[in-house]
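Going in written order, the chains are labelled A, B and C, and every chain counts its residues from 1.
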Amino acid sequence: MNACQERIRPTDLPFLTDFWYVAGWRSEFESVGPHARTIIDQPIVLYRDRKNKLVALADRCAHRWAPLSLGRVEGDTLRCMYHGIRFGPDGACVAIPEQDVIPPKMCVRAYPVIERNKLVWVWMGSPDLADASLVPDLAALDQDGRKISFGSLDYKANYALIADNLLDLSHIGFLHENTAGRPVASGNLARACYLPGGSEAKTIDHGVRVESWVSGPAARNVLLPAAVPDGDLWTRTDFLVPGIFISEDRMYPYGVAERSGFRVPDPNIAALSDAISVQAVTPVSDRKTRYFYSFSPGADDVPASEFEAMWTVVKDTFAEDLKMIEAQQIIIDEHPAHQMAGIAADRGFVLFRKMVSRLAAEQSQTGGIGAI
Amino acid sequence: MNACQERIRPTDLPFLTDFWYVAGWRSEFESVGPHARTIIDQPIVLYRDRKNKLVALADRCAHRWAPLSLGRVEGDTLRCMYHGIRFGPDGACVAIPEQDVIPPKMCVRAYPVIERNKLVWVWMGSPDLADASLVPDLAALDQDGRKISFGSLDYKANYALIADNLLDLSHIGFLHENTAGRPVASGNLARACYLPGGSEAKTIDHGVRVESWVSGPAARNVLLPAAVPDGDLWTRTDFLVPGIFISEDRMYPYGVAERSGFRVPDPNIAALSDAISVQAVTPVSDRKTRYFYSFSPGADDVPASEFEAMWTVVKDTFAEDLKMIEAQQIIIDEHPAHQMAGIAADRGFVLFRKMVSRLAAEQSQTGGIGAI
Amino acid sequence: MNACQERIRPTDLPFLTDFWYVAGWRSEFESVGPHARTIIDQPIVLYRDRKNKLVALADRCAHRWAPLSLGRVEGDTLRCMYHGIRFGPDGACVAIPEQDVIPPKMCVRAYPVIERNKLVWVWMGSPDLADASLVPDLAALDQDGRKISFGSLDYKANYALIADNLLDLSHIGFLHENTAGRPVASGNLARACYLPGGSEAKTIDHGVRVESWVSGPAARNVLLPAAVPDGDLWTRTDFLVPGIFISEDRMYPYGVAERSGFRVPDPNIAALSDAISVQAVTPVSDRKTRYFYSFSPGADDVPASEFEAMWTVVKDTFAEDLKMIEAQQIIIDEHPAHQMAGIAADRGFVLFRKMVSRLAAEQSQTGGIGAI
């Protein structure tokens, strides 16, 4: 019960630079652009070159800091529409009206950008370190035939509070008692339902994993397709730095939990259903965060009307999170010096906060890159 | 004419803690709740237990600072609807989901609360010092048969500016020349009208009292019932720390002022009318204040339509105060270093400001309690 | 190409006090008032006395800082409608209700004010230094028979960014490619069009002057009356401290540029057209600026419908400036520590910024007056 003694300061988490951040769903960037986004306090402009490749530059003309997102895409370049200066995909200035010499400082920062798994990713650290293999594997978003829906929300809160939320799903039975947590919110959620091992949080590579087995009617929530029978439900959620959340819910026939020693289910046993939700938390500023979410039900043959009803529940659920977290942020900001009391369920986000703090400290020791 | 030489800094007044504050009219708290209020920068949640007794707790779950006012009343307890932690009326945690041990710090501050005279009072200081007998006597609000109306306003201003306003009613003839001050605003208000002694401000226990006698037509304002004849009008206003305003206007037959030596009227002489207004100024933050007001006309048999017309004048009057004071606050905040020039009529609020400053100094010397 | 190496800090420009500022168009002050305006952070109230002369006082009653602009004009005086104190045109208090002695500090600052050339000017420095001859000569605004229109805009930006804009008109071909710059925005604006000497910026008394000759179709923009033939276009823009912009566009027959040595045209040669625009940039606060503009076409016999179309283009043009400059201000404020890269076209505003900085330094060395 160590976690209960912990006192966590309600301070924000620092921004990590050497990571791929979700700039948005690919569907947001179908047009040539320019498109304006802000990630960890850095304004960015994205546009498509003549080969339809996405380019990401600092959204700030090197001349007088007019936003390039008010500019115009011309071929592979982006022209600032204040005084007409043009920049190439590498951020170098290619033309200044009325002037032949281009001063060396007339350039803007270029950000590595990758389109993968229905998402657009931008590398916010030193370009030298941008390794495409570090983009989290979200192939689940691209499976043929899977029903899937996408959404996003803008939070007036630090990203840390959203990470806390996703790293402690014990809130579902309370905050979401009328939405995603409906059937399980019958007074004393979960405790009687968890199978041996309970809900377990542990550190993994670049993140924190929480796994649990629940059995019987308690395992049944409104997001489980009606056609799927009751059984043993295995849930795994990974929360990866800087803010990628991957959740999987698999229903198995009764007994599989025990046969798997209440650990990861045997891969040879077929699941009755397999629901996936990929979410991403992208800090905009210290009090603004953009939140991306998706939902794919546990079975592909869910009728359209049932899937639509589920999606409504998902959206309502995230609206409840937003309302609570923004209210929490206001309370925190009014009295920043107070201390919080910990509980056992905090373990997931305590591990995550330590990881982010450690990575931020390493980042500052190696100099990092920060904003230009 | 000493007051004229005074230079009063336009600084805000400090918040006093060891006092009963008006949280609202009782009618605002008829339902079980929870109800959110903020008093002197402290967010508070109020709810009714199973015996209908009002409970007041800090509106900030000890766990992750979610507002308890987004929670749910369950019997005598209040459950935080983020992660489900429950607190009792004394602020102690009574249950944490999934966990048997309750850490000692898992508690919230409880505030003494009293319902009296149509108002809800919350003690903002050390609970040990909460003495119900310190609640100002506002029995006037509860008199059987009295016609009375209630209202409230939210100011974007420090409470000190509202106190200034209520402690110098010489503004009525100007700011309210078309509302409460209508008939007396004929150029040179009051001076020719005040009987010997003028308008006198003096310190009383826990506050400042202003008394005056005015006679003849000048004593007649639009809030005097039509059926009441002209005469000598005696007015007493008490402004008590932290912000309770009690005003009484009694019309007497001509000559009573002189017979009373231009002082407090002889209690054996019956008044022709007796109008009462109780008001309260509750600081929310340094630039937000909640203002409560009521009005009871000088005679119980005022026709309903006349009373309704009076109430409209009262509301219009307070809307004029709000507009002026919020504009004054903006000017003050734009140039906080300037100095103000005093006049004789400032005496009431000069006395009050000194009293509050002294009480605040005593409070900080004895340690006080402040916010937890 | 020295300007290209320059690094200009995006800091705001300081406010100059010893200058005449435009408070507004005279048409804004036709009624008796009071009228509220704020200039370089100083709230001012203007009203007309019995002789219709404009008076300008600090908009802050000396007593409790209520805004005098919520007051009432009474004869030659202005009465504060909070507690009824009256001030004369010189700012001296002339009456306090209920009180004979007027304390010496009971006065407000009076500002010299001049109505000239359709504008109202207020002197923001020491009244001793207020010299009416320092009001810029804008007689052009008053020419009989001239068609002229007036407008104004409120910017959320420091005045320096608007000065930058008006001192580098190279932006017209880009930012205004669909409005005032339409016909000349064909890819490589201006360069091929400037006659020898190009666009020349130089310091003049109290300001910066930019002059240029352009010839042929490139000289033709949508604001040139249709009846005026192509030729050599001479443009002169003066930008005077603190923020007066006077622009003149004169079309001459082909050859006049060369005959004038590509310098100021020979005054004996009649112009084919002569368009004038007077504009004024009045700082309100560090992030608010009021912008006044006018436009008079190059010929008096322009048909009303053509003039109306031109005026629409002018308003659309200034709306584009506002959108760009407010966006630029946001970017600057998000990252105030960054540096800008200069180009040759910056020369005009580089000269102006140096002049303002020098004047501000002189002002602070001699003590200046500042706000009372």
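In this section, a residue touches a chain if its C-beta (ideal position, glycine included) is under 8 Å from a C-beta of that chain, and two chains touch if they have at least 3 such contacts.
If you're wondering where the values come from, they're calculated on a predicted model, not measured in any experiment.
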Residue-number overlap at the subunit A/subunit B interface, same or different (half cut): different
Between subunit B and its twin subunit C, rotation from the CA superposition, multiple of 5 degrees: 120
Distance between the centres, which are taken as Cα means, of subunit B and subunit A, whole angstrom: 49
Touching two or more other chains - residues of subunit B: none
Subunit B-facing residues of subunit C, complex: 41, 43, 59-60, 62-67, 70, 79-85, 96-99, 101, 103, 105-107, 371-372
Residue ranges of subunit C in contact with subunit A within the complex: 1, 4-5, 7, 10, 164, 168, 170-171, 173-175, 177, 188-191, 198, 323-324, 327-328, 330-332, 334-335, 338-345
